[in-house]
Amino acid sequence: MWDRNQMAARAAQELQDGWYVNLGIGIPTLVSNYIPEGVEVTLQSENGMLGIGPFPYEGEEDPDLINAGKQTVTAEKQTSFFDSSESFAMIRGGKIAMAILGAMEVAENGDLANWMIPGKLVKGMGGAMDLVAGVKRVVVVMDHTNKAGESKVLKACTLPLTGQKVVDRIITNLGVLDVVEGGLRIVELADGVSEDELRTATEATIVG
Amino acid sequence: MAAVALTPFRNVAKTKRNQAEDFMKKVYGSAAEALDGLLKDGMFIAAGGFGLCGIPELLIDAIHKAGTKDLTIASNNCGVDHFGLGILLDSRQIKKMISSYVGENAEFMRQYLSGELELEFNPQGTLAERMRAGGAGIPGFYTKTGVGTVIAEGKDHKDFDGETYILERGIVADLAIVKGWKADESGNVIFRKTARNFNVPAAKCGRVCICEVEEIVPTGSLDPDHIHLPGIYVHRLIQGQHEKRIEQRTTRKKEA
Amino acid sequence: MWDRNQMAARAAQELQDGWYVNLGIGIPTLVSNYIPEGVEVTLQSENGMLGIGPFPYEGEEDPDLINAGKQTVTAEKQTSFFDSSESFAMIRGGKIAMAILGAMEVAENGDLANWMIPGKLVKGMGGAMDLVAGVKRVVVVMDHTNKAGESKVLKACTLPLTGQKVVDRIITNLGVLDVVEGGLRIVELADGVSEDELRTATEATIVG
Amino acid sequence: MAAVALTPFRNVAKTKRNQAEDFMKKVYGSAAEALDGLLKDGMFIAAGGFGLCGIPELLIDAIHKAGTKDLTIASNNCGVDHFGLGILLDSRQIKKMISSYVGENAEFMRQYLSGELELEFNPQGTLAERMRAGGAGIPGFYTKTGVGTVIAEGKDHKDFDGETYILERGIVADLAIVKGWKADESGNVIFRKTARNFNVPAAKCGRVCICEVEEIVPTGSLDPDHIHLPGIYVHRLIQGQHEKRIEQRTTRKKEA
């Protein structure tokens, strides 16, 4: 079974040299720690930046330089700034090669729910709906089951959707699954996880 | 459209003489003065900024003091408790928000859950494009964002090349309030780093746009290739001190 | 009867201080010579410029600095440059206060034809259709009649339209007419032109 | 969307080391090399430039030499006789043009009137917005431009707030060829004065975009607030000498 960092490290293997990538908040943010040697990616921030650098040194925080999580960051050599309509033009227009996002639920047809739990506090979808609709490849990183042990990899999502048929690959603490014709296909098992364990923890149809 | 005979141009000397005083007409002494005559209960305001980054602090404060009520505000966020647009929540001046994310604001949640405040969630990119479209004379555009979600409910659907899209409307606001870094007296504005964000599309969608900046420089001081928001979009300008509060101060340690 | 320069001078009276204005090719270009004292306007060029300055001095022509007529020009103090989609965003979005354009025909309902004569060489509409659709106020400057003496101010245009119900005011060598409910209203007669002469030269309905 | 724990970032030393060589991958030695593998008879190309201002001279020349045929080209103009895109008319490589104005070109007229060349007139702003929309994932937008004219024939009409608009489609081209002033090795481009024009929207609508510039500078040399076309839009870059021909040389005399 993978921990948060191992999941992030596995997700980092999805990245290819030269790609422009958007990383969501949570485990996806950790992915930037595991980018493989020789692979250079440029990180996009929805609020109008290509080329997110590391957090600033203490005392060098700039209120005019934040990421989409509202954290202070720095620029890189190749950084460019632009406005929000331009930022989402490149997202919607398919210029971003990959988004790695967290999820509450994923369904076997690629449906994704990650923004709203009815009856609970609703904070808004932010840029998530635009990202899943526009980015070329969507990879979800999440725990396979919830705290009650119930599968989050479902036949159909029960929560309000963020996007319909948008997820390409799911990376969980139990392994890696691809969304294919008819259901999900097991790509890889996490260390020490058997195929049976993965199947048992998965409500969705597993094919192939 | 045909070739035109070479013609002399307008009197250059005259142009130079009048320029300084004419463009000075956009510059106002304070946020309150700049807002004079533009505020009305029930009006629709588009506000720039993302989180607390690049928000029009001075104009928000002046609208608070003016007490204008029943506002509909299109803004990606609604500030935080007691700062930014949060000030207008405290004073119950906002009737409705059009936003993509409101997670930083407990008072917002309280008013929303109690039914005191209307909230229209827009995906962030849809909101930015609705502003840009409204400013560009585009009353509607199709997008894949939100297809198959609650966002698509009640909206026109149309297929293009075998894929389904929904129709989103351009937004035109009665007033746009935005925050730039530097402006010249003719209203050309440049922004700094990620503080540009929603300020450009918000400015464009306003029937009237007021821009507050950290510094107003004489016309001619800015490189015309560096202008992010041409003066045509900016009707009134003010200069002032900004708190520029940081929402999430994240840092790393210097390596030895 | 007004000559080209007098028509341009009369058109210049339409301008108000602080306006952003687009001037078409031909007589409208001459308008910039007659901008009244104390009135400052910023001229927009569709190819991506606000603040068109005079022609450059000989030897100072810049191939990267032209107007929509492809003539070398200069910048002014308040000039800004932008791309074509941004340029037409401000045109279509009604940010330009006035366009002063030439015409082949104008109709009493404000229809304008100025881009195409079927059977003759067709060069294209350029930005004319966008301008008449988007700009707040459209003023046409043209000769009242064609070379054969036939009225160009018509009940209905015979040429393919540039825009439908788009013209607000017509300035010709014979006078000034406004497009109003039911037809055209005479605003002003050119020097030495009688109302009868203007009416005779006008096919369109004159009201009021 | 929730607040996130502070996390270290990727190894900064590694980033710096790899950066130079990685971004160099966008830089090609010549227009012919940059076009290698991308040309195909019958393809759709979007080209930047307005008149002869800011046109991708080197790429046009290389496409001419490559002999690619049956091209559909979206470009505001089609050069002049024997220069700019006019070169591809001479060699009969163009099947169809999508343009707003073609008045500067006698050979164009000859081929068009003889039926050798297809021509789709687009209003200039509609063409620019179609490119911008295509690049922004917007398959269609409504505009008032052309309502009631031949341009509106066969297009969907829709009323918004009592006014009629027509639906125009976003354009996505197989290849965009554009010309900038300076670029850094990561593909960030800045333009000079009115040479920006259609180059930005054309670049955005290309599945692949090649940009030729007058100067390529090391990544990090350009101010990130001055970038007109972020590197994400630019896949291949070349540097070269440009003739930059002037179409209408208009001047005034120096006053004594």
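Order of writing sets the chain letters: A, B, C and D. Residues in each chain are counted from 1.
By definition in this document, a contact is a pair of C-beta atoms (placed from the backbone, for glycine too) under 8 Å apart; a residue touches a chain by one contact, two chains touch by 3 or more.
Fair warning: this is a prediction, and the values are worked out from it, not measured in the lab.
By the document's definition of touch, common neighbours of chain A and chain D comprise B.
Chains touching both chain B and chain C: D.
Chain A and chain B have CA centres that are 29 Å apart.
Chain A and chain C have CA centres that are 53 Å apart.
For chain B, residues that reach two or more other chains under the stated contact definition are 1-3, 6, 8-9, 101, 103, 129, 132, 136-138, 143-144, 191-193, 196, 224-225, 228, 248, 250-252.
Residue positions of chain C touching 2 or more other chains: 54-55, 69, 71, 75, 81-82, 88-89, 91-92, 123-124, 126, 128, 133-134. Pairwise chain contacts in this structure: A-B, A-D, B-C, B-D, C-D.
Interface residues of chain B facing chain A in the complex, by the touch rule stated above, are 50-54, 76, 99-104, 109, 121, 123-126, 128-129, 131-132, 143-151, 181, 191-201, 228, 244-254.
Contacts from chain D toward chain A in the complex involve residues 1-4, 6-10, 12, 14-16, 18-19, 22-23, 25, 132, 134-138, 184, 186, 188, 204, 219-220, 224-225, 227, 230-233. Put simply, chain B touches chain D in their complex at residues 1-3, 6, 8-9, 101, 103, 129, 133, 136-144, 158, 160-161, 163, 165, 169, 190-193, 196, 224-226, 228, 248, 250-252.
Residues of chain C that touch chain D in their complex: 45-49, 54-67, 69-73, 75, 81-85, 87-89, 91-92, 111, 121-130, 133-134, 160-165.
Residues 17-18, 20, 25-26, 29-30, 32-35, 37-38, 40, 42, 44, 50-51, 53-55, 69, 71, 75-82, 88-96, 114-115, 123-124, 126, 128, 133-134 of chain C are the ones touching chain B in the complex.
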